[in-house]
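By written order: A, B, C and D. Residues from 1 in each chain.
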């Protein structure tokens, strides 16, 4: 494992505290064998394909969960930002379909793939947390995905075992290591810090950590299903 | 106005702090002219009838909101207690129908009465707060009704202008002044105190006060519609 | 009242059937005195100002309700379209603020105006229908506003009493009479027809009509509050 | 496999049509090897223990989903019936704890067992269907569990391979084969038939079948996790 890359969010802020407290759940997710093999280029294509198709199905529900943050209607600015995020995620699904098209899979074929249990459990758990908690609960369920992928990319980029040229997963890595995604992940971590202040994060820390860690473990399973598919 | 009756909940607890901070919104609700005239027996029957029928329609949605607290699934004990409360409220609707029957109104006729704007605005606002906040947000939207009626009864009982014998609203007053309701209201106030501790009430005070005061104002309108009906 | 302008949606389609069946609830909304006086230019400015500020507050919740249609996640196309609609509504709030700025009211001042009971009852009722019904129930609660404003504009344009030049409300009228809004309203009516087919509208007609008519009555109250304010 | 036991619900009713159309998804659930080995007494105790603890965790969310049917507030009778069902399910969790106590597992220990992916995926999927569809969608997500266990018991009782005396799972079998549960399951099937009539089940058949079959497959996984645990 590479030296721990600098975390997202402010030191002492809620995001950083949750990340650090979630320990092995977090590192088991952000430095999962699937991630390491994306970085060193040794991941079997079939594993990646399985993952990417499920990630496409995942994103549909992730967009629904972001829309739920609009419904919660915290502020006009937050509503605008979240509605924009919904459209961005729906655009991201098109990128996934482009990968699939390169493998000879049409949109029709992709949407016929059944959701795995890993996909169902993660996405519906997020929706349920969002429906039954407040905006902080919802964002805590969402943030391990958003910021975690930013950390995944940082870890891969910092890894001495990284396949620097000819890595078949280079475009995937770049999409998360790039400035656009990294800035967005940083903003998401800071948003958690701010929501922690306004929504009693201190008093709710134990409960928030439980959800944060659960999401990290569900992310581990999500990677693992790719490895299990080959 | 009578000397302020002893409040519910612990001094310094979240409920008492919200009640005191909501000021005129709270007293305008718990010592509304409608309430005073229930106590001194001068309330026109038509005003009470209008109120009671709308309260019947209100209770249906109040039961739905309690059920939402079960959905939020905080703990098995809380789920059990809330599901029991749903059944108690549904039983309370039968008491309302009994009053109506005495006035020659059948259940069928009562359910054909359209909900007033006062009823729709209050009930759906509670549901919306409950759907989009956490259990504390939901309980804060519900508690002004539950505990407020307890305080209403205490205020009437302490009022020197109270019609002690022959008050046509005696049975209504007794149902809220009685030990059963008073204990339940006290428990509801203490529950708010406890949720305040566990769910960051301190940091969320301004937002919770906004909702608490809104509910108190919606209660004022609810009484007022009775007076306006005659 | 002008000759009934041609309705939206296909003849025999669900939208047209609901509109026709809602009778006086619908015409009382789409040809409300407030509307007539917008058309003939006799509406007091204070009435319009009261209305427009409440409409600003209304739109925030209307955007939330549209976001709920994204959450329901019917199809990627529907999700994209609804998320775009959320952003369009949030932009519409800026137009409202521009009117307010012309009257010397800052955004800060507008957002401090409390929601009236008319605004609370309508918006939270829509949210509640949306939360507890399916996509058809939600769209039925939303559509009287969307298409009704299109019909309002058609009625004003066809009215012989219309103030053709110098009407102080000309820009408001044009924004709904314009091709952009009219096409959007037409599409909304056709969407109801399609959802009726796919979601059992025939069997659910009585229940859908109840909601459609309720929304129309809530719209009447929404106009009326403007007249009552002067 | 035993001769197909007589199904629940009216012939030609929505429940029976969905059950028959779900084909192998349904029989793979109601005559799963786990079920067969409950019947012939050959199921390893560890498999049953794993299952029962997860079923305890499952029931908590099943009770939440029933409470959601109260929130949907279809009718006072339905609300009362569902609130009563919530309490019945919460009582059922006590029976599970009694089994666990016999195995030396305290309530504390049971509640510390993490939910498996099979449990999370099934329960949160039901909640999500319920939150985003109407009462029919919610009941369709719930009914394969309720009625399916009734059919499971009928199949076991009709199985020639059944261990008639000394079956360690006899009390479990009896709780579902008994008149109380069987009547409740029959009522649940008839309720689906009635909701199908009132809520457009005919037009929505394809979509309802998709959910019904999904629930049946999630039930298969739920049994399977018991076998996988040993």
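Simple rule for what comes next: a residue touches a chain if its C-beta (ideal position, glycine included) is under 8 Å from a C-beta of that chain, and two chains touch if they have at least 3 such contacts.
Note that this is a predicted model, so its numbers are computed, not measured.
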> Degrees of rotation, nearest 5, to put the Cα trace of subunit A on subunit B?
Replying inline: 180
>> Looking only at C-beta pairs that count as contacts, which pair of chains has more of them, B-C or A-C?
In response: A-C
>> Averaging over Cα atoms per chain, report the distance between subunit A and subunit B in Å.
In response: 44
> Roughly how many whole angstrom separate the Cα centroids of subunit A and subunit C?
Replying inline: 38
> What is the distance, in whole Å, between the centres of subunit B and subunit C, each centre taken as the mean of its C-alpha atoms?
Replying inline: 33
> In subunit C, which residues are in touch with two or more of the other chains?
Replying inline: 71-73, 131
> Which of line, ring, star, complete and other names the graph you get from chains that touch?
Replying inline: complete
>> Show me the residue ranges of subunit D that touch subunit C in the complex, using the header's touch definition.
In response: 71-73, 131-134, 137, 197-204, 207
> Along subunit B, where are the residues that touch subunit D in the complex?
Replying inline: 60-61, 63-65, 67-68, 70-73, 76, 79-80, 82-84, 86-87, 90, 93
>> Could you list, by residue number, the parts of subunit D that touch subunit A in their complex?
In response: 117-118, 120-121, 124-125, 127-128, 131, 218, 221
